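Chain lettering (A, B, C, D, E and F) follows the sequence in which the chains are written, and residue indices restart at 1 in each chain.
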């Protein structure tokens, strides 16, 4: 379908109410999954983020990078142990995690944003002591898999106020300077709460929370915090959805305006969420 | 034609390079003619201007208002004399001009911008001694038809820096406090020069400069300053186009980046000019 | 009487305690009545306001313009209906009100201030959505006679901080962009409250509140809010004084330091009020 | 003569053009002589300076204090030697000079300004290394009588910008921390040049430069720099006038707008100079 | 003992935790006693204060000057009366106090700081109306011996923020401009409270509070406010220690972090207090 | 050797002139070699850098990381080719370089600075498009070994002004987002020039430039730019010294105040260079 210039202009104007609504707002985007692997999707996410910045929003990107980590671990013949879907990180693995997340994935996103006309600063939780962390106790086992103790929002705010887009690798540090590998969803939620963000968007590889996991038409568009417990009990929230929903609940109860689980496999899913009335995916609300 | 959300998102992303290109740029828009009379066009111009502000440009509106002035003059049985297309303004007429431009047209534009989500400040050249003027000598006759002596850009810059859109009525004042009615095109050009604007856009009721006035396909897309004299001699530039082209020449030789004469009868013509590669109308360049 | 330079210097020095007392203070002046009609008085008011600005005060002018409105209405053969001294404003009248107040009276004051060396910005309540208004219900009749819903003080403060004197026409706007004609005293009071002003001065055509309307020596210099009800009952406060006193009460109970009803027919009445111990007119105090 | 309030208001308004003219201007006042000894004159000088500050000027006071120094020297039985009207300052004398100028005279002026409602900061040339000095060679004799090497204007500007009136004792310091007694006229001229002041006013005990020293009606109102040499040769400029005129010449050739020698014995002589058309005393101009 | 460069570097690095701890902190130093008389000690105090400023602290100096005052009083044959260790100051004495403290001692300290590379501003309580004072009633006798009514911290903060070290002479002023001689310890305590300082250090001529005044090994390192009363009763706190401890108590109960009485006869005692773990002297704590 | 507190205080005071001299100065430190491998030396460098920041300097760290890169390349069985001491970087190697420099070494330095009480931000040349690079042509071969095209100093200045220490990995990016591995000495020199730094310090594994490479007593303390050519010809400057000296020459001729090649194997060599008169290593001067 070919659109002429006028039709395009009208579509820009249609976006005006949304642009106005989100002007000056802080939106934390957890970037990962398919949207990070597929080149075309990757490019579209970069466009979405740069566009958000140019129309006056303040996007903050928190990224994962599991597949790239696994790839290097494999090449180095290092084997990982997982408990409850969280990597039990030994010293050697932690080094790989930091190199891949901080040196490769983080900087690729920074370069991707630059290629679309934005200007980003890549940060790990060590920079400016941004993410204070401690070891996570997983079934009595501690390793360099960590959890967030606190987020120092000042550095992120400085980056934003100077016109840059912060891109954050989910690596924390304790008072002794020890690094920890933290789940990116958890970091995104903690950053959103610390920044008092207006929106948290988790890019996932599912359409959202489905009432029937096998039926993609059974999307639950709005999930109330008060309903979560029941949905966990009856198995609607299960598997990888459990920690994601937990992040959303933590955010909205921590003061973040709205939290969304959206389908990163859909092109421009971030813009769709922001610029359309119906939105997409599942929105978790504090009710 | 129905577009789905994704197509709309893609169109937003298509606009990104233009948004980036004009980010922080000052664009003076001379608003008048059909685009001021037709309700639907009027609304679209307001949308265009608000959109420009939200995506980071700094639009400055200079407006005319001839028909509304004529209307009130008629109701009051005041007759005007015109010389070379410029009104010879007597005292009684000047009073009407100020009331219509400053009290009615200017504030309607301010309200129109507010209705689309922008915030504007209406100014006449008296406010903050913005436009210093003197009587224009028309064939030896002087009246309260004036010309610009100087523009004080500080007030306009203050308005812009505080997030408002300046809307300027083309009324000047001399040192004795006497008001003058000035052609809005001339004011727009002088404002653009004083602000060192990046772009001046004149909304007109023609498609641009036509090689053959009867053939709308004969549009001259780019007009070099060096060609103007010849086109005047051979009659291509004639009638109402003479002063308009003169304004454009004054602007681009005064340091304004680019100057455009566009067709205000086309919906969203301002956005079309800015957001499409081909542009529309006639661009005057300093060559 | 001829004064030599030394005597003049001493008088300047006498003013010093008052200058000190009002340094940095915000003074809202409702300008109207005789002081607006008489050329000589008009010039003196302009001088007073510019002097206030130069010696460190922040004057804010709110003006009326009834006679000029009536004049144009008459010329256009439009008849107005009044209820309780408030104009019932139909659509045609509203247009005239806006043109006269916003285009003529407002800009004349701006020019007058400029002619005395000050720098003013004329604003209507539409500019920057300064005055949010709604229709006033007068005995069950609504028209475009409005009342203040809220004042946005940010624009006024921006104007003040940038060294300009704000001059405000009493026109409000609702969310749909509809204009309303509002009594200037009411706007002055609302502006004074919104700005947390130190003083509100209403220029009137009477010496102040008189105990006996026929005896100009019976001036009530200080009126306590607690006395108002009784004075209304016994008819001391009557006619046009009722709404004026109501404005004063609204101001002082809303946090404005002091409110004065003074005689605009007296030359330099504003300076007299500020720079003399005895003051002039009636001061309403929150007791 | 009794003036009513209105007459006073009119005189304030008469001052408006002068207030406007000097708004934001820097005026260095050398304070000394009779105006420092006579209690009534002293009080009037304080009033003049505070008034200047309140109406928007930036007065900077440089003071002398010879008589007070002599008084303490006498009480301590210390004898001074003078060469060419400049004190040859030994170590013991220097200590007295510093105590009297810095501890007594300077702080009395600060207190005097406070008593009239101003806020002043007393500084010696040691504070913030304000006045860098070296020994003055007087006929081959050096002592702690010094001359200005350089003035650091930053501290004075900080004091001004924070709303205070700087009051400067004419004491300099060399790189070793040694104090020097410097002629206050010279310090005032050097400060005026360093601050790029708009005006330098020297308070003296004469009406100005007289063509005939015995005839007070022979005042030279305007003295051109080009005339100075001739007037020295023919003895019109003689005695104590020689260094004062030299200071004035240094100032105006150093960029100070205007320099005045006025009669400090006349009440409010500073205001008279500033607020009257004719001015008083002798103005030295750079022609 | 000769240290090589490396050992010196290591000592600098050892200081790092203390530098970090006091970065940006305000430390009021009461300077007097032996440390003011002995040339070598004097120089070391100047070094300590300048070093504090360069490593990021904000030292504020309050000084005494009794011996210098006595010296000039003697030379002028003026006799003073003392009550409870406080000078009963008559008019003549007050003049001497101001000249010595404000003109001599204060400026010597300013010059001393400059000689070590710092930049100081000497202030008396008159400057900027810094110290508001009133007569102290000593056994029914009032004189120009005063006590602090209030401290205006704004001027001190302005001086600090502009990079200067404030040096304050303990002279106060009442609303009539009358000067008062105030005990420097009291001024230091009041300044520390008004500035919400982190530390107050009183330089004295004793090692601190001794349990047995004759045994310098009986130092009480930490004195709780709750213990003071008992120590006064049993005579441990006696004589000149009574007012000093009272100052400390006033400070710490007024919000100052820590208060120290240290031995000014020890070289670099201020640095020792700040840069060593054990500290020196007696610390008064709010317990 | 045990030093008592007083001796330590005296050493701090000895440092004062150096602290003063370098206050507010920008010092670029190229960190690499032995000082990066040895744990004890590493810790001392971190201390030196944090101390510099706390005493008012602005250290900027540019780091290498060759051995760590080689280590990972070896583990991944990737072989590198070197030409003229510069790695010829293929795509696979470039990925390793970015992971090691950006993810591991850079963040370890950030953590090391944090452990000593400083606050650092790790940056690669991709962040904020800090280092614009292009492929280096090495004997006709191009690879992802790059050279600096330009440095954008704004981001570094933002980081400094917000109180952080910038730590820069020597990775550049071209307009297509392609990464380049650049020699850290070259990046340090380019950063020093772009920042108009006061000092560039290259940490090396030699004592400086030796006249006789085998005689460590033959140190050339000061090397003039004018002598460089001759020293290259006679072989005094040879091998790894050639590019290092070239960097120094580029810096000092580019406006950097002073450039030093010092021995990173000596503990606290940076502090020794800055805080001792004799300095250490070889200083290159622009003569």
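By definition in this document, contacts are C-beta pairs under 8 Å (C-beta built on N, C-alpha and C of every residue); 3 or more make two chains touch, one makes a residue touch a chain.
Keep in mind that what you see is a predicted model, and the values were worked out from it rather than measured.
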Given that chain C is a copy of chain E, what angle of rotation, in degrees and a multiple of 5, matches their CA positions?
-> 120
Please compute the C-alpha centroid of chain A, do the same for chain F, then give the distance between them in whole Å.
-> 35
Between chain A and chain D, tell me the centre distance in angstrom, where each centre is the average of that chain's C-alpha atoms.
-> 68
Quick one: report the Å distance separating chain B from chain D, using the average Cα coordinate of each chain.
-> 56
Which parts of chain E, given as residue numbers and ranges, touch two or more other chains?
-> none
If each protein chain is taken as a node and each touching pair as an edge, is the resulting graph a line, ring, star, complete or other?
-> ring
Would you mind writing out the residues of chain B in touch with chain C in their complex?
-> 72, 75-76, 95, 98-104, 106-107, 110-112, 114-115, 119-124, 126-129, 155, 158, 162, 164, 171, 173, 176-177, 179
The answer for chain A against chain B in the complex is residues 1, 3, 5-17, 19-20, 23, 44, 47-48, 50-51, 54-56, 116-117, 266-268, 271-272, 275-276, 278
